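Chain nomenclature is as follows: A, B, C, D, E and F, assigned in order of appearance, with residue numbering initiated at 1 for each chain independently.
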Amino acid sequence: MSALEVAAEAATAPAPLSLAERALLQFEVEQFLYAEAALLDARRYRDWLALIAEDIHYWMPIRRTVTNSDIEREFTKVGDMAFFDDDRAMLEMRVKKLEAGSAWSEDPPSRSRHFVSNVRILDVAGDEITLEAAFHLYRTRLNTEVDSWIGRRTDVLRREGESFRIARRHLFLDQTLIRATNMSTLF
Amino acid sequence: MTLRCGGRMQMADGATGVEQGWDRASILALFDAEAGWLDRRVLSDQALYQLELERIFARGWNFMCHDSQIPNVGDYFINYIGEDQVICVRGEDGEVNVLLNTCRHRGNALCRAEQGAAKSFVCSYHGWNYALDGKLIGVPGQSSYFHGDLDRSQLGLVKAAQVDSYLGFWFATMAPDAPSLHDYLGDVGRTGIGMICSYGDVEVIDGIQKNVIDCNWKIAVDNLFDWYHVMYSHASAGSAGIFKPAEILHPNNQLVMLGEYGHAISGPGLPSERQTQIDLMSDEERIEASRSAPANSQRIRPRLGAELMGASGVRSMGHPNIFPNLWITLGGMQVCLRLPRGPSKTELWWFTIVPKDAPASYRKVAVWTAIHLFGPGGLLEQDDGENWSQSTRASVGFSSRQLGQTLKMGLGHDRVTVDEHGQRFIDTRINEHAQRWLYRSWTEWMAARDWAELRARHSPAPEGAV
Amino acid sequence: MSALEVAAEAATAPAPLSLAERALLQFEVEQFLYAEAALLDARRYRDWLALIAEDIHYWMPIRRTVTNSDIEREFTKVGDMAFFDDDRAMLEMRVKKLEAGSAWSEDPPSRSRHFVSNVRILDVAGDEITLEAAFHLYRTRLNTEVDSWIGRRTDVLRREGESFRIARRHLFLDQTLIRATNMSTLF
Amino acid sequence: MTLRCGGRMQMADGATGVEQGWDRASILALFDAEAGWLDRRVLSDQALYQLELERIFARGWNFMCHDSQIPNVGDYFINYIGEDQVICVRGEDGEVNVLLNTCRHRGNALCRAEQGAAKSFVCSYHGWNYALDGKLIGVPGQSSYFHGDLDRSQLGLVKAAQVDSYLGFWFATMAPDAPSLHDYLGDVGRTGIGMICSYGDVEVIDGIQKNVIDCNWKIAVDNLFDWYHVMYSHASAGSAGIFKPAEILHPNNQLVMLGEYGHAISGPGLPSERQTQIDLMSDEERIEASRSAPANSQRIRPRLGAELMGASGVRSMGHPNIFPNLWITLGGMQVCLRLPRGPSKTELWWFTIVPKDAPASYRKVAVWTAIHLFGPGGLLEQDDGENWSQSTRASVGFSSRQLGQTLKMGLGHDRVTVDEHGQRFIDTRINEHAQRWLYRSWTEWMAARDWAELRARHSPAPEGAV
Amino acid sequence: MSALEVAAEAATAPAPLSLAERALLQFEVEQFLYAEAALLDARRYRDWLALIAEDIHYWMPIRRTVTNSDIEREFTKVGDMAFFDDDRAMLEMRVKKLEAGSAWSEDPPSRSRHFVSNVRILDVAGDEITLEAAFHLYRTRLNTEVDSWIGRRTDVLRREGESFRIARRHLFLDQTLIRATNMSTLF
Amino acid sequence: MTLRCGGRMQMADGATGVEQGWDRASILALFDAEAGWLDRRVLSDQALYQLELERIFARGWNFMCHDSQIPNVGDYFINYIGEDQVICVRGEDGEVNVLLNTCRHRGNALCRAEQGAAKSFVCSYHGWNYALDGKLIGVPGQSSYFHGDLDRSQLGLVKAAQVDSYLGFWFATMAPDAPSLHDYLGDVGRTGIGMICSYGDVEVIDGIQKNVIDCNWKIAVDNLFDWYHVMYSHASAGSAGIFKPAEILHPNNQLVMLGEYGHAISGPGLPSERQTQIDLMSDEERIEASRSAPANSQRIRPRLGAELMGASGVRSMGHPNIFPNLWITLGGMQVCLRLPRGPSKTELWWFTIVPKDAPASYRKVAVWTAIHLFGPGGLLEQDDGENWSQSTRASVGFSSRQLGQTLKMGLGHDRVTVDEHGQRFIDTRINEHAQRWLYRSWTEWMAARDWAELRARHSPAPEGAV
């Protein structure tokens, strides 16, 4: 792959858009992602659910430490085991659990901070935007627990009026051993 | 190969929990089976933990992997015996070898991946090359630098003293004088593994979830027998709708089995009358009924179930634990290993298992269930970890660690029944029999200096009143 | 709250501006915030002070681990105890202290890195812009000390000519127990 | 409830600092009061630290909270006795209960918030329910699963052996045979708390600052008596203008009080002549004068001051410490707890306190002062932490830990005066009397196996030459 | 330095460009940097090399804990010791090593995540753009190793057709003692 | 100043590796020189590590810095003796002082920078002021608060017991009875340092790379003698082209020198015939030849080389180690210190060195080579760390730590030759003589209670067959 091709791939993927159009789309998308993150960090789970498309695939496969020769097995495949493999009903169930007065493991509630970085729009097809970002979900609990989950994610956003809904979120964690008691926080 | 014998420091009178050694009497006093009282220091004492690595983990049979994870020659899966890393690898002869993952030259780790396939194991430091059975087959410079006088036959990878499998589940022990796997498992251990295989040969689905919890491994084992916490701990999971407590719990139909050396099964059990009805169904009907609801606790097992689990064991809808740390759950659809990483740290490894011939639809539901109930993102499992870590933490403070845990539920109220085939079980309500058995066995393992002593002095599986 | 409302809130708050105007404002604001962060990281405290409005309220309340039923007490209120509750005079005093030859606890000086992420402009009113961001202040000291302070902040920027001044900075830390020897670094 | 008696390992001859036990003689040798020499290992030795948790923290009276923090029935505040977490909760009877925050079933923590309000404490693991006084009032399945035979009366939350308050400040000890709080505090401790309340009833302002410093807790206590470091350590805070050293220090007017069991007050003191003038002012005049400058060290206390602090103690503008770890500062406007978290880790908790009837303007200045002088963001406090952590660190290295600390200032140059009411004090210059008293008392606490021995063998408050 | 000057310096450096032009340039540059980071995180080292100019100076000096009076010696100078001081040939050698089947220390390979934050374009001169950013390179290895390298970097990008090449990357780490086994990951 | 004598706990019979003390016999048994077998616990045992700090690091001569790093009065560089931080400072008299970096008042660290220049050392806590030779020259309030009776002469900074330099390289020891630096280094140590200075006076280039590896310090020392791992470990660096293994390795021309107290040199050596040719060249020719390829292992040293390294030593193209932890590499162009930070943590500090009069072009190549071969970003060094950390880790697990390391290469196959000047060396192939010598010496250091015993009982440098 030549430098030009790489650069082309990197910088010009959604070809038909002008630079200015792409910049504005980037702005819209980033603002949406930040607002979405803020809802989670503010524990407004119901409001967050409103941003989730009916057909969402919310998925975090398991990563493994493998050799280079085995690198295609680094992540589990769709249909095999995963940390998350949720549809909308499942996400609703997660929110319902968080809202239940009896979710002892989230009472006192966790404190989360979702950092969304390096956002790149990879594709615009009809009303769907595919993007990639680096994420850092920082969570503290009680006075002593500190967790950081870091990785890459690909989202599909679907334009709906003035805003978007999230139609896909695939989360690729960097860690292979989860160094946390649980993952009770939404990503 | 002979391991250097590691004796133990004599206990100084009045030594503190933090520094002391432990003699037989003081270990046995850690759990009072008659009173249902457990000394909290079992969760936090550093010396006890070191002793566990030696007397429980190196000496017991540890679950390694399932046949299906390493189907081909050279396939390997990394696991642990206590804190010792081992390679479980399919040898040229098709057998599974369990090898300490440490080069005999300077000790470097041979395998650094969690799984993979190898023709042989080449050390990244100086290139010593070991065959799949651990034999040292290549040493760079053997003739030139070593003048040909390195005795390679003495420098193979250290093999587990015994390796064996039951129904495709491989186990290993570092103790040459341990009983055979068959005898070690006994009826209860075999019933537990039988539960997984009641619908025929199984395979592990790709992807082992692994996470770390700041708790002692034993509080996690205690919890698997604990059907008492479900209603309260998991209330929000219930109200969210992920499971229906009433369909699962059956508080007044609990079946408990206690096996030699600490194995146990505890949890809901079908009433014998119900089993009698099932016995009249054809295998096809049973499988059909089971598969329609794999997460459901109504285990309508085919005939094979009773063969593997026994006429009474087959009624179990509960949780077997292969001592020390292999939990079988979801009626055999998952197993979870609890690997010690210090007195207050435990790794949990989740394996998801389906019958080889299960239809795609079943497989899909199995995966869905495994992901959404258990593992760090599972709606049930989320609730457990902090209870365990906080319980472990409360065994550390000076005043708190003077206290005990209370394990009195059902104590003295039940009887062990022996069925016509000699299988022992307890039909009762929600109870703590299995936990008491766990800790009673644990003290005996910890107090015994070697297998001879453990064999001679351990409690037989209970009979009569418990 | 419907998805639309959430999206609306998220994406269209400063209503009268066009998307392009909002994108440009976002650019200006982010560049200002990054430049400000760079001044602190370069230890140019005097220059940083020049960006501070006369009437600034620089405030970091104390966060507590509380149950859901008590969640409105998670942060202390203005007027109660706080980690920072500074006006401009107080910030000047902090800078003066850092500049004093005798600030032994900052000699050798700390090394800081201010990450400003997820910037969202919540309101534009007259010459004042209210924004929210996620922050990560990373500090190292000597060869061994590493601190990370992570949380959310709301700033008010006031336009002044070609640039801005900071008229408010409210910092909401995620940690409840400060895991650091001190907070001698400006946020 | 009886705590299991924890004896100590006998000291092996020539044991290393890292592993050894400590006998009476070796503990007493850690501080040479005559020479003003302190063995650095008191800051880093792991065995000494474990012994502190037992012999200092579990045995002494620990500050819990102030009345105003938990005004209503069910209000609670979490604190620690050493490393044991306790719930301080207002009971149905209005009294404060101090309960170990650990369930008697498996040990799980009952409260996980730092503060809050509860009707009762329900355990998140199995739902055991404890009343505000710790009584076990609810056990799910008590009749069904426990067959009604669980003796709940033996399974309440463990209460501190003694709980009592002085002027609204609550303290607790795990030692049933400890002296009463009144006797424990003695004149010096009561004078210290009296300083806070000299202007009448007080309340704690919402918001306890908490941070962790990598230092031994004792170097932080030493520092509170240390008016010697102010000029140098805090030079930059002075030059920034946050405080005026000259107005605060009064190096030649220092008042020291040394109390039984290790309490002390040290710092600037009004000359008696100045106090005589104040005694002529009306309460109104005094309060007016004080409130105009709350951070100012000129303490012009109303009559109540002398009542609570004594005729000589009222002159103090210094720093009391209630042994072991409660510092009273800013003339009573703040207290700071130093909670041990290992030999080289200490949590600092800052409480800010104002008279209940203080006008808003005073309150505002008090909060401003507290935030900007102390706490992790305070301009004074910023300077201290690294000195403490580096001093602690220098007690670890093999050669450095052979050294001592030097505490010789004023040694042998002063006299304890007894006033007409029997109150003892030292009028002098900047000195290290209080630090020497701290460590002398500390060795006595550490060497005594129980309260009987501590009572019998501890040094009385000094008389005559010091 | 007055507030105005600081602001001016911060916000108007590449003077001849309009706000909109600057915003578009910022977008282009950020997208390039994110795409570049993604190549490294995807272990596409060859493709990454294609983005490297022939005359690149890729340099990470050594930082030291020094007193304020000695602060000009905080970083080593060009020509003295450094952690990286690479030209293109050297970077090619690094990639070659990573690609070699025998790079045991990167087999199993590390997992990296490059966070690029606070991007500020400091200068535009001809076809060269000088920028500054805060970076966080997060690396995990095996099941237990976690490293974070955080600091500031200045890049020079040179426009080449629709894309850029990296003509300079100077990395200023915040840590003085590298808390990692090695730095086998590209920054 | 006298350090308090720290004895060691008696070994309890059968004590475990984790808690036990170590007596002479058990220490000597850790390495079997005849069998080439090393007990893995030397890499992980906490008690052995503490003993190393005392018996190896505090007692040996530790490299501090080079003359050129602190050229002017007041220039200082911070280093360590074990885990004790020391200030190496150029005194008023031009000599280098080595001072424990801890104030004699409360122990605070005087210097917190890694390097710098000072007129005197003022403590940031209370302002005690120490001269560059450690004398306590200023105490605030000495007359007023201390009443003039503080004996400052007893309270200077603690100086290393002996400080000395060889060819500009400064060393220090905490042991007053250690041999002189000259005697300590012996022929082998002096040869090693001589290698650095063979081209004349040198200087250290600005910038010491420092990083931490999770390994025991000894595995890193073992590795520097290890020319066996180069082909395999560094294969990818070779194939990337950063070095040409064939030009460097010379597997059949290895020169080994073993020096009293554990020093050694190992690695390629010029054949004597080649050296004879070189001896015929002029110094100018030799320098010209060397400088054209500074990274090249062909060391064509000027006459000075043979003066400093001896007629046989000058042939070395290998790696000297000054016991315990100073590695000389790249033919003297770099030295690397390995500082212990616990049994499984080591800091590596890289110093890059060039002749003072080297042309800019040489200097440039030297820096390029140093950066790109060694240090955490170096293409060679990248490959080593994980092998060391994994080897260290494999000395922890219960079963793995029962094993040994194998150090048998060349054992019994070589002879020590003594040249006409009395210099001893071994001409051989790739081997593990130096590593065996390292561990043999290490056990002797560890087993000896004091220098008298070490002097009396250590092995002399080997003669005859090895």
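One rule holds for everything that comes next: contacts are C-beta pairs under 8 Å (C-beta built on N, C-alpha and C of every residue); 3 or more make two chains touch, one makes a residue touch a chain.
Note that the structure is a prediction, hence the values are computed from the model and not measured.
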{"item": "Separation of chain E from chain D in steps, with touching chains one step apart", "value": "2"}
{"item": "Minimum number of chain-to-chain touching steps separating chain C from chain F", "value": "1"}
{"item": "Third chains touching both chain F and chain B", "value": "D, E"}
{"item": "Result of counting contacting C-beta pairs for B-D and B-E, higher pair", "value": "B-D"}
{"item": "Chain E and chain F: spacing of chain centres that average the CA atoms, whole Å", "value": "35"}
{"item": "Rounded Å distance, chain B centre to chain C centre (Cα mean)", "value": "50"}
{"item": "Chain centre separation in whole Å, for chain F relative to chain A (CA means)", "value": "50"}
{"item": "Residues of chain E whose C-beta touches two or more other chains", "value": "20, 23, 65-67, 101, 104-108, 115, 117, 141-143, 176-177, 179"}
{"item": "Residues within chain D bordering two or more other chains", "value": "19, 112-114, 124, 210, 233, 386-387"}
{"item": "Touching pairs - complete list by chain label", "value": "A-B, A-C, A-D, A-E, B-D, B-E, B-F, C-D, C-E, C-F, D-F, E-F"}
{"item": "Chain B-touching residues of chain E, taken from the complex the two chains share", "value": "104-105, 107-108, 142-143"}
{"item": "Partner chain E, residues of chain A touching it in the complex", "value": "1-12, 19-20, 22-23, 26, 63, 65-68, 71, 115, 117-120, 132, 134, 136, 150-152, 174-177, 179"}
{"item": "Residue ranges of chain D in contact with chain C within the complex", "value": "112-117, 205-214, 233, 235-237, 239-242, 347, 350, 352, 364, 367-368, 370-372, 375-377, 379, 381-387, 389"}
{"item": "In the complex with chain F, residue positions of chain D that touch it", "value": "12-20, 40, 43, 219, 222, 226, 228-229, 231-233, 251-252, 386-387, 390-400, 402-403, 405-406, 408-410, 413, 429-431"}
{"item": "Touching residues (chain side chain C, partner chain D) in the complex", "value": "60-62, 64-67, 69-70, 73, 76-77, 79-86, 90, 93-94, 96-98, 100-106, 141, 176-184"}
